Structures are given as structure tokens and as C-alpha cells.
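These notes open a run of structures that come right after.
Two complexes are shown next, each including chain A; its partner changes from chain B in the first to chain C in the second.
Our next item is the complex of A and B:
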């Protein structure tokens, strides 16, 4: 069971929201990455039925988004909108909207309490939402999205306004939900945090899906950019001189501590073979070999660039 | 009761809990309490003034006509009209402006059920406020007659009049409520639609009889227990239509309201919320 976008486009008048999106999002944590206006919120609003596609079809666990009575039994959405009904405490807010599920009073009380505990707001539950800090409001929104224990969680910039401790706790929650087999779809601008969370990423630019999949797979498809590999060893200068004889190695930079060598190559497989040979021939002591640009940030820079335009 | 109806009933109850708190207990609704308190204060004040003088030179019939005038011109044309415009027009549009509508749309509630719950909440609030006010004002205006009022109420037509006024009040809330709820769903600014409806309802007595039938006030006037004659120069150009019998006016108004609500439900089903863009 997946979330499926089948040739989905959405226009706001003549302005493009997203165009010809074909996606199949499996369970786990999926990050939507892209600059402002790239279509992240549009995709989220489309899959939750807050807006409708101009063309194409969407299915969330085989449910069309225009059937809220079925969809939101299984789905929770934490939007970017920072607005709440007046005069409610955090607990009353959660309880009141849980009652819309048609659940009995006792169950709603229990779910509201559990959700507050889950986001670390148990103590503040009896205070008015209007008196909350931005971080607390963000957490109560998260609690609202998870209170009914949905299988699909859609979270639009959920880490905004959270302090470092809360960010770490929230990221741990996302991972836990992903590992439980839920669909967790997160949009974020903070690329190193996306890296820590995601099982797969969807890169968006100007309303188009630029790349999707596991980050290693996405990186390997970016063939016009040499792959970066960091080798930690005892004689990086020697290694650099040997590797530079090869035409596929385009750059080698020795770390300032003289213990590491950053390589850029057009052919990683040949580089690894050569590295083995150098080790055998010279007795080089290698501490570690690791890809240096198989992360969301690098892929983002390669495909989308600093200015948000598609590279 | 089928599981669907059981679920929808529970959901409507949950919507009522949220909406009634917002409508009845909101600090923003202070002006509705003024509308609620104004006429009863005046009529009770009138009775107290007359009683303090110890004698009066008006009859129950005359005070009944004053009440009928207050009812038709203050309650129907002003308080209920503008009250319903504010209450029902804001049920959806107000939430769009406050950016809280998505919280409802992200719940597993059929949008038709959401509309029904909100309409019911608006109806309860309007009937409690304006119905309560009109009933108090009715008691207040006749209070100084003492035993005469009791006779009028229990042995005369008083209770029947109060019943008809209450029915007209409820029907006005149902009719105007449906119109303004739909306006709040369809238009960005329901006040504009309200102004158009207000003009139409105000000139109702001066348009051809056939056109008079396309208004709420025409049916409500037909049901009022005391007819208020038009006076002054405008009476010369007024077109007095044949009153519609109650058996036609009541179901007619209910059917028209239902049709308007069905249209609003279709619109709500298509409604999009994109204020996060």
C-alpha cells in the first residue's frame, strides 16, 4: 500500500503549482526537498484533499483524497498554518478535534493525553494554546496530527520553531514511526536534518519532480558531477600522486591534518580497484573510505543549485 | 440507528460543541448580546414606567400593535437579518479568515455533515439569542397590565400570538441562516451578498406580487399574528400581496431553505483551502 500520484498537475490560475507528477511513495520516512515555491506544500495539500488536482489522480493507501471520512481515519496532517481556535487549552484542542472522529469520550480523553505525552506537552496541556510559544504550538500541531495514530503522517516543515532538544526528539519520533511501517512524509529546508531522517527523498524544483528515491540511488544518477570520496590514510600525498595518473580522477585534495584525501572521480568502481592495488603495492594504511557527497545537501546542490533553479 | 447515522450524529455533536462555544461565548459576539438585551430592556422599562405612574391610557391591543411593529421592523428586518448574516456568514468564511477551517477539513468528517453541524450550531445560537429576546420583549410590553396580561396570555390569544411569533422567529433563522451560510461558502465577502438580500427584502412590499414571493420576508409577514399596516407616503406605492396560508408558507420556506443548503453542501464538497500557500 503506497501513496500514488498519477500524472498529477495543479495550476493556480496560470501559475504552476506542480506539473505531471508521477510518484509512488512507499512506507518509511520520505522527505520533500526543494526551495520555496517548488511545490512541496502543494503536493501535501493535494494528497490530503485540501486542494484538488487540475488533472491526474491521487490515491493514499488506495483512498482518493476527496473522501475525507475514510482518508483521515488513516492520515494526519501537520500543516504550516499557525492558527488555532480561540479559547481552547492544548488538551481541549486535541480532545475537541478527536471527537470529530466519532470516538467515545473516554477514548478521546486517553488519545489526547497520550498525544500530549508523546510530544512532551503533558505539563502544558491545561494552558491556553494562545499562551504557547512558537515551539509549543508546533508541538501541539504535531500532537494533533498523530493523536488518532494514523498510518500516514504528512508533516509540512514540522521542525520549524523547535529548539535543538525538541528537534532531536521529534526526529527520533519520525524515525520510530517510519520504522513502524508508517508513511511519514516530511518537508524541510534543513538538509542535514533531512539526511538524518529520510529513507527516501523527493527533490522538487519549480513544480517538477527533479529526482526521487533513496539518496544513494539519486546520487548515482547524477552522472555529470564527479563522485567525491574521502579516504583516511597515513600517506595521503603518496596516494594522491598515484591516483592522479588516472584520467578519471579529476581532483585530489589533501586534508589539512595530512590524514585524509578528498577525491573527485568520474568512475568510482575503477577508483576502488586502483585503491586496492595501491594498498597492496605500497603498504598504505587505510583507516576509512567513504563517499563524501551521497547526501541530500550535495544532491540538492547538484540538481537544484543555490538559487533554487534546476541545475 | 445505522452505524453511519450514529457516526454522523456523534460528529454533529462534536461540531456543535466547538461552534456553540465560538458563537455564544465569544467576546466578539458582544453586539449580539446588545441586540438580545435591547428590546426587552425597552419593553420592561415601558412597563415599569407605566406601573410607577400607577395608571395607563393604552390598551392590550395598542401595545400588541407596538410589539408587532417592533417584531417586524426591529427583529425581522434588523436583528435577525443582520444577526444571521454575521452568525451564518461567518461559519465558513470566518474560519477561512482565521485560518482554522483546515482543522475541520483534516478530520474524517463528510463535508455535508460538517455543513449540517455548523448550520445547526448557527441555528441554535440564533434561536436562543433572538427567540429569547423576542419572548422577553413580549412579556415586558404587556407586564404592566397585571391580571389583564395573564388573562390575555392564558385565556385570550396571547399564548397563541407568542407561539406564532416564535414560529416566525425560528423560520426566519432557518431561511436567512440557509441563505447566509450559502453566501459565506460561495462568496469571498458574504457582506456583499447580504447587502443585496437586504435591498431585495426591503423593497419587497413595493414590487409586483409575483416577485414578492421570492423573498423570505413575504412568507414571514404572512405568518405574523398581527398585521402591521403601512403608513405614510410609502403606503401609496406599496403593493399589498395576498397573504400566503400557513400550510403553504411553512413548508415552502423549509423546502427553499433545504434547497439552498443542498447547494451550499455541493459547494462545500468542492471547497479548497490553500491559505498555507
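Our next item is the complex of A and C:
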């Protein structure tokens, strides 16, 4: 059971929203990453049926998005828009929209209370939403999306406005939901947090899907950019001299503390074999070996670039 | 933010039927209305005329009561017929019009102005149900002000008059009911369409007056200048009045839509034209709503 986009395009008149998107989004946390105007919100609005594709077909757990009665019993959507009905408390806000799901009164009361507790708003639930801070409004929107216990959660910039503590707790929630087998689809500009959240990423630029999948897999497909590997060891100069004999190593930079070596190579497998040999031959003491650019930020820079244009 | 160790469980309880979703929407609209003293007062004031009518019907049928009043007629002084009920419908409809002008513009425009439609449409609720839910606010209010008191008065008089009066005047009851519903539908749809397109509430309310009164004046001007009667096609109260007359089976020169919906003699237009125009107005309103009620704002550049 996945979320499937089959050759989906959406145009706003002559303006491109997204074009020829083919995606299969499995359960877990999936991040949509891209610059402003890349099509993240369009993709989210398409999968929640708020806009219709110009062409192509979308199925969310085998349900077409133009059937809100079925779709939204399974789906929760936290939009980017900071809008609330006037005069309602946080609890009333959750309760009233839960009633739209057709659940009985007692069930709605319980679900509203649970959702408030889950986002740490139990005490503020009886205050007017209009009196909430930006972070509290963000949390109540999150509670609004999760209150009916959906299987698919679509969250547009859910970390905006949250303080660091709340961010960490929200990220923990996302991971928990992902591990429970739910589909959690998150858009975010904060790339290091996307790294912490995501099981897989979808990179978008100018309405096109530039890359998708687990970040390591995406990175390995970017073959025109040498892979960066950080080796922490006791004799980095020695290691650097041995590695420079190889043609696939294009750069080696010794850390200022003389205990680390940042390498750039076109062939990581050969580098690891060589590293083993050097250790065996010289008795080099290696503390750690870790990829330095297998993260969303690096992949984003390689594929999309600083200016938001596809590199 | 507490994190509970829970495994995912979907809600497995019973759900209310999908068609009933729209009934959730008016809930808070009524609560908000109830907080406004002016609207409460106006609503109560709109019940005065039916109450006076109920009193008159009672007195008219109760000769013993009349005998207590010095100088009062010894026989019924009031003819309770279709003209009486058309007058009632006319007065109550006009009260309903003012109520709609106060309430209607605030139904959709705040949701659009705040970009809050996704809150509704990312629930098991489609656009039709959203519009229906908003319309229910006006339909409920206008029903309580028009056909419900009308039918209650019809029943009251029927019970007091006896002698098969109800059987002989079924046409009046159906005229009241369907006549009021035509007015309710036209008024609600117009009000919602204006609320969707004009985000500033006072302007939307003003425009509703304009659609009725300015258009009526313009229609009269057309009639005067061109020496025709077809200018009445843009006079909504004329259209509704003509349809009412046909529903009550009144002669056009007698009932003539009563009080606020009077059709001037010689300016009558065929009833089918009135029906067709009213249906056309409703369809245009639905089209306007369909254009504006969208889950996500589409900005073209």
C-alpha cells in the first residue's frame, strides 16, 4: 500500500506546477526537499485532492484523491497556511473538525484530548487559538492533522516556528509514526533536520523530481561528484601520502587538529580496500571512517545548487 | 511534547452517514450569531408580525372574545385567505432578506480571506457539502422566519375555522411552502456567491442590496425608456412575486405578490419567463461558487 503518482502533471494556466511526476512513496518518513516554487506544496495538494492533476493519476493507498470521504478518513493534512476559525479554543478547534469525520461526540472528545496531549498542548487547550504563539499554532495544526489517527500524514513545513526543544520532540514523533508503518510526508527547508527525520527523500526543482529514494542511494547515483570520506586516525599525513598515489583520489585535506583526513574520491570501494591495506602495512590507528557528504544537504547542493536551479 | 509508546491503530468505531457531514458546519455559525445582540433582537422582531397575525386569527374566530370589546364587530372582521398569507409571506420574506444581508456575507468570505478552505476540504467533506453546510445556516434561519410560521398560522386558522377549511385551502399551504423555498434558495445562493467573490463583508452585504434594489430600479428605468415590461426580468422581487401569484393561484391583479413584491398592473411578464430567470440566477450563483470554492488558491501569472 503506497502513494502512487503516475505521470502526473499540473499546470496553473501556462505556469508549471509539477511535470511528469512518477513516484511510489512507501511507508515511513519521506521528505520533500526543494527550493521555493519547486512544486512541494503542489505535490502535497495533489495527493490530498485539494487540486486536481492536469494529467496523470494519483492513488493514495489505492484511493483516488477526489474521494474525500474515503481519503480523509485515512489522511491528515497539515497545511502551511496559518488560518483558524475565529473565536474557538484549541480544544474546540480540534473537536469541531473531528465531527466532520463522522465520529460520535464522545469519541471526538477523547480524540481531541489525546491529540492535545500528544503535541504537549493539554494545558493550553482551553485557551483561544487567537491567543496562541506561533509555535503553539504550529502544534495545534499538527494536532489537527493527527487527531483522527490517520495512516497517511501530509505535513507542509511542520517545523516552522517551533523552538529547538519542540523541534526535537516533533521529529521524534515523526520517527515514531514512521516506525509504526504510517506514511509521513514532510516538506522542509531545514536540510539537516530532514536528514534526521527521513527514511527517504524526494528532491524537487522547477516542478521536476530530480531524485528520489534513500539518501545514500541518491548520493551514490551522483557519479559526477567525488564522494567525500572523513577518516579519523593518528597519522593522517602518512595516509594522505599513500592515498595520493591512487588516480581515483582527487583531494586529501588534513584536519587542523592533525587527527583527521578529508578525502574526495571517485571510487569509494577501491579507497576502502586501500585503507585496509595501509592499516595492515603501517599499523595506522583508525578511530572512524565515515562518509562526509551522504546527507541531504550535500545531495541538494550537488543536484539543485545554491540558487535553486538544477545543477 | 510527550511521546507515547503506541502502535498504530485505526479508528474502528461507527461513523455517521457521509451525507450528514454538512450539518456540522452551521453549528459554530449559529453560536457566533447568538453572540451578536443586534441579530438576536432582529430575529425576535421578525417574529412579531406572525404573532400579531396569530392573535388576529384567534380573535377573528373567537366571537365570545369579540363581544367583550366595546364597539367591536360581532362577526369576523378579517378575511383569512390566500391574500392574507401572501402578505404574511411578503413581510416575512423581506425580514429574511435583511437577516440574510447581515448574516450571509460573513459565511464564506472569512474562510477565503484567511485562506482557511483547506481546513474544511482536508476533511471527509467535499466542496458541495461545504457550500451546503454554509447554505444550511441561511436555509434554517429563513425557514424559521417564513414558511414555518406561515404553515403554523395556516394550521391555527384551519383548526379554529373547521368545516373543511384546510381541505379547501391546501393550495395556500403549498403556495406558502414552495413560495418560501424559492425565495430561500434564490436569496441563499445569491448571498453565498457574493460572499465568495467579495471578501469584504460590508461590501458583500451592500452588493446584495444592490442586486435587489438597484437592479429593480434599473429594470423600471428600462421599462420607462423603452416602453416595455421586459425590464422586470432583472427585478428579482418582481420575478419572485409573479411566481408566488401563480403558486397561490391568485389573479395577477389581486394578489400580485403582496406588499413588497407587488407587480404593477400591465407589467406582468409570463410566469415561465420568471421561472426560467430565477433558475438562471441560481445556476449562475452555483457557477460562481464552483469557481471560487477551491481547496487551494490557484494563482496564475
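Going forward, the second predicted complex is superposed on the first by the 311 of 311 C-alpha atoms of A that agree within 3 Å, B and C clash if a C-alpha of one lies under 4 Å from a C-alpha of the other, contacts with A are read in each partner's own complex, and residues count from 1 in each chain.
Here is the rule we use: contacts are C-beta pairs under 8 Å (C-beta built on N, C-alpha and C of every residue); 3 or more make two chains touch, one makes a residue touch a chain.
Quick caveat, the model's predicted, so the values are computed rather than measured.
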Fit or clash between chain C and chain B when superposed on chain A: clash
First (chain B), second (chain C), both or neither touched by A:305: neither
Partner chain in contact with A:217 - chain B first, chain C second, else both or neither: neither
Touching partner for A:181 - first (chain B), second (chain C), both, neither: second
Winner by number of chain A residues touched, once chain B and chain C are compared: C
Contacts of A:26 with chain B and chain C, given as first, second, both or neither: neither
Which superposed partner A:72 touches (first chain B, second chain C, both, neither): both
Partner chain(s) touched by A:149 [first = chain B, second = chain C, both, neither]: second
First (chain B), second (chain C), both or neither touched by A:83: both
Selected from 5-13, 41-49 or 59-67: the stretch of chain B that, after superposition, runs into chain C: 5-13
Interface residues of chain A shared between complexes with chain B and chain C: 12, 41, 45, 48-51, 68-73, 76-77, 79, 81, 83-87, 96-97, 99-102, 144
Of all residues in chain A, those that touch chain C in their complex: 12-15, 41, 45, 48-51, 68-77, 79, 81, 83-88, 96-97, 99-104, 107, 111, 117-120, 139, 144, 148-149, 151, 166, 169-170, 172-173, 176-177, 180-182
List of chain C residues in touch with chain A within their complex: 1-4, 6-11, 13-18, 20-21, 24, 27-28, 32, 35, 110, 114-116, 118-126, 294-296, 298-301
Partner chain B, residues of chain A touching it in the complex: 12, 41-42, 45, 48-52, 66, 68-73, 76-77, 79-81, 83-87, 96-97, 99-102, 144, 156
Footprint of chain A on chain B - complex, ascending: 6-7, 10-11, 13-15, 17-18, 21-22, 25-26, 98-100, 102-111, 269-270, 272-277
